[in-house]
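In structure tokens below, several structures.
In what follows, chain A forms one complex with chain B and a second complex with chain C.
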Partner chain A sequence: MRVEVDQPKCVASGQCVLVAPEVFDQDDDGIVVLLDTEPGAEHEEAVRESAAICPAAAIRLVQE
Partner chain B sequence: MTETVEHAPTGLPEHPMPRATGCPFDPLPALRDLQARRPVSRVRIWDGSSPWLITRHEDVRALLGDPRISADPRRPGYPHRTAATRARDQVRSSFITLDDPEHARLRRMVTAPFTIKKMEALRPSVQRVVDDLIDRMLAGPNPVDLVEAFALPVPSLVICALLGVPYADHDFFQRNTQVLVRRTSTEDDVRTANEALTAYLEDLLAAKQAEPEDDLLSVLAEQRVATGELTRRQAADMGVLLLAAGHETTANMIALGTLALLEHPDQLALLRDGAEPKQVAAAVEELLRYLNITHSGRRRVALEDIEIGGELIRAGDGVILANDIANRDPDAFPDPDRLDLGRDARRHVAFGYGVHQCLGQPLARIELQVVYNTLYTRVPTLALATGIDQLEFKHDGFVYGVYELPVTW
Partner chain C sequence: MTAAPPRRIVVVGASAAGLSAAETLRRQGYDGSLTLVGREPHPPYDRPPLSKQILDGTWEPERVRLRSPADLDALGLDLRLGVPAAALAPAARTVTLADGTELGYDGLIIATGVRPRRLPGCGTPGVHVLRDLKDALALRERLAAGGRLVVVGAGFLGAEVASAARSLGVAVTLVEPSPVPLAHAVGRQAGAQLARLHRDNGVDLRTGTKATGITTGAGRATGVRLDDGTAVVADDVLVAVGSAPNTDWLRGSGLPVGDGVECDRYGAAAPGVYAAGDVARWYNPLFGTRMRVEHRTNAAEQGMAVARNLLDPERARPFAPVPYFWSDQYGLRVQAFGYLRGHDEARVVDGTPADGRFLVAYRTGDRLTGALGVGMPPRALRPWRAAIAAAADWRTATAGSPDGAAEPSRA
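After this line comes the complex of A and B, so read on.
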């Protein structure tokens, strides 16, 4: 699983950081920062939930 | 585009609808009916126009995330809440009523203090505020109005510190905010209250520009107003939005949440018995979903034709996204009318959805987590000091809640 984030779209809601703190962080202005572009299977559910919950549709999962 | 006020054919449901008789937490059966039978349908609002009401969770999220709808009340067709908000929105423009890219440019100027890390760092000081207020309440008269003694002071103290607004002025800004969120306020009332708040924030910004402190208004004054990026008026409009949204909403969640928990003792018990932080966090999401305090709907206008739910919304049509009933959609939340602190309610739309989703949500979450985790444990005998049928609910408010909550212990 590969994760992509679209920073220009991010509205700094912080929701992804709450759901998957091992994968997502925020910069000083609250904009999403990807900590791990290819998180392990143990994070898959949380990453899926982050993508679903992100209000700006700024998170994408690419299945390989 | 010319402005055409559609005169609704008779028989259209009126919007807004009151809550169900008998249960102050539940939506009206008619609204539920609409969700089941015509989830995208026209309703009639106060000015005789007939915007679309969107009631299903999935559709509400889809449209709030759709760039083909606008949050700008100056566009023809926008479904205004009242004549007074229509008048105010013609002259005022903070980012909640602007579209991207301008919305994003302004919102990003104030996102920095609201990151999850900064909010976590704030948790101990929120805890202190909550503990102090409980100490004071327990030392004072019994019964007491929980709204006045606790629910309003908690978020007001916190947002004041964050913005750099003197808490000593709380009567002033709370009173004027009350005017802004009441359906019954006249155009004059709203204009006066708005002007008073804006002038107050402009003065504060001028003071901060001369003598900056460690707060958000100083950052705006120094980095945006002094540089000419924002006029002082624009910065003040933002300040009013943050100050008003920053205390009124959370205060209602505290008081109404407490009432809901007192009415559901089995759920309250889950919070009392040393709940884990994860459980408390889940409880906050569920109470946000269940209570739906922002019950007047997100207001938008279509920029293009949009097909949804088997209907065609035309460019220029008003759209009301009913986040309240969407949070009670059985397709999204099984057994939706049950308050169940153990469920996963994170996909609720109580903070909205899309680019305007609540900026203050990380702050509101911390405040509510600390409150729900502390109040009932420290005051285990907390009880309503009056009958629930004696309470005055904010049916006339854009934000739902109770005006007073007499409690005893």
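After this line comes the complex of A and C, so read on.
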């Protein structure tokens, strides 16, 4: 599983950081920072949930 | 009683909440039939940008699409777009669409959202509301041509439109009946600062003034009439006076409908029937109160929650979120966590309102129930969110910040 984020779309809500703190962080402006572009299977559910609740639809999962 | 697992699920409403519910059902392994009904002809799209990037022209309309065609296809949906639901018969377990189609279901999720409240004369050319993509594109075309805009209602939507219009050089008059815009939602102090932001950006803000009607000439709106006897002349009028839940189609269904579809803490309105998003009013056990939340993040979260509960009612979990919303005005971001409505006290705990960067904490009873930041880094809000989620006691939470210091203390 590969994760892609669209930083220009990000609205800095930080919802992804609350759900999957091992995979996402925010910079000083609140914009999403990807900590791990290919997180392990143990993070898959949290990453999917982050993508689903992201209010900007700025997170995408790509299945290899 | 253990019911057979559902094999036919209908989701009515193809916006953020409905899409999130449909995706969650599939993600949880549901492989039965899944019908997604949408009133609009468009595949699911995102609404917050409509009053922001779509209106000011920084985004093209395609960008609001929530999922790629391939991602939508992968959900294996029976997608019914461009036709609203017209009736529900819970005893027979059928939804009837406006074109007469009858859809049987074992499980139903209602996510029909809200529609803008209107004023008399709203059908006149030149009078706009803003809810759908077509509304936004119609207003954008007019704003791009310049001219004068009067916005009726200085809530978050009215404020964002005023901001977008000013960025395009449009002359804006903003009319608001209450003395301080948004005071009921965010408190007087924060509301006053947001009002100042309008004035600093050249908006003619008229507070304590009610618009009593649309003035017309040659079949077009020419502005609005105010209750002080004066009139505001404009080329276009935006009416942004709140919204009403789309529950008309549920009339006669026997479903509990008040201010929205009335649900329990699990999001259920009747056995096998759930509601999510702007249309749903439910009991949020975290705050111990019934609420209906018209925010983007809630739509997605509640769609997920009710989808899970529908599939597994035996192990249903209460939906107990910390609501979140954001608003962009004149390049400043407003962000809030919690339930601010009906608060007993709002206190500035960080920053300085006069500098346009501040954080307000909200007390309801003896609890910290909300936090709002204007122009603050999101990190500054995070500990406050955590304290709200932990149902922190007000005095403990604000102990470290008598009238300024940074973080909430958590005992």
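Here is the rule we use: the second predicted complex is superposed on the first by the 64 of 64 C-alpha atoms of A that agree within 3 Å, B and C clash if a C-alpha of one lies under 4 Å from a C-alpha of the other, contacts with A are read in each partner's own complex, and residues count from 1 in each chain.
Heads up, the rule we're going with is that a residue touches a chain if its C-beta (ideal position, glycine included) is under 8 Å from a C-beta of that chain, and two chains touch if they have at least 3 such contacts.
Everything numeric in this text was worked out from a predicted model, so none of it was measured.
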For this session: Please work out whether A:A57 is in contact with chain B alone, chain C alone, both, or neither, and reply first, second, both or neither.
Result: both
For this session: Based on the superposed arrangement, let me know which partner A:G14 touches: chain B (first), chain C (second), both, or neither?
Result: both
For this session: For A:E42, select first, second, both or neither according to whether it touches chain B, chain C, the two together, or no partner.
Result: neither
For this session: Check whether A:D28 is in contact with chain B, with chain C, with both or with neither, and answer first, second, both or neither.
Result: both
Seminar exercise, completed: So the chain A residues that chain B and chain C both touch are 11-15, 17-18, 26, 28-30, 49, 52-53, 55-57
Problem set entry | Complex interface listing, chain B residues touching chain A | 64-65, 104, 107-108, 111-112, 114-117, 119, 281, 346-347, 351-355, 357-359, 361-362, 365
Seminar exercise, completed: The residues of chain A that touch chain C in their complex are 9, 11-15, 17-18, 26, 28-30, 48-49, 52-57
Problem set entry | Contact set on chain A toward chain B in their complex | 11-15, 17-19, 26, 28-31, 49, 52-53, 55-57
For this session: Note which residues of chain C are touching chain A in the complex, please.
Result: 20, 23-24, 27, 46, 48, 63, 66-67, 296-297, 300-301, 304, 324, 326, 333, 335, 377-379, 381-382, 385
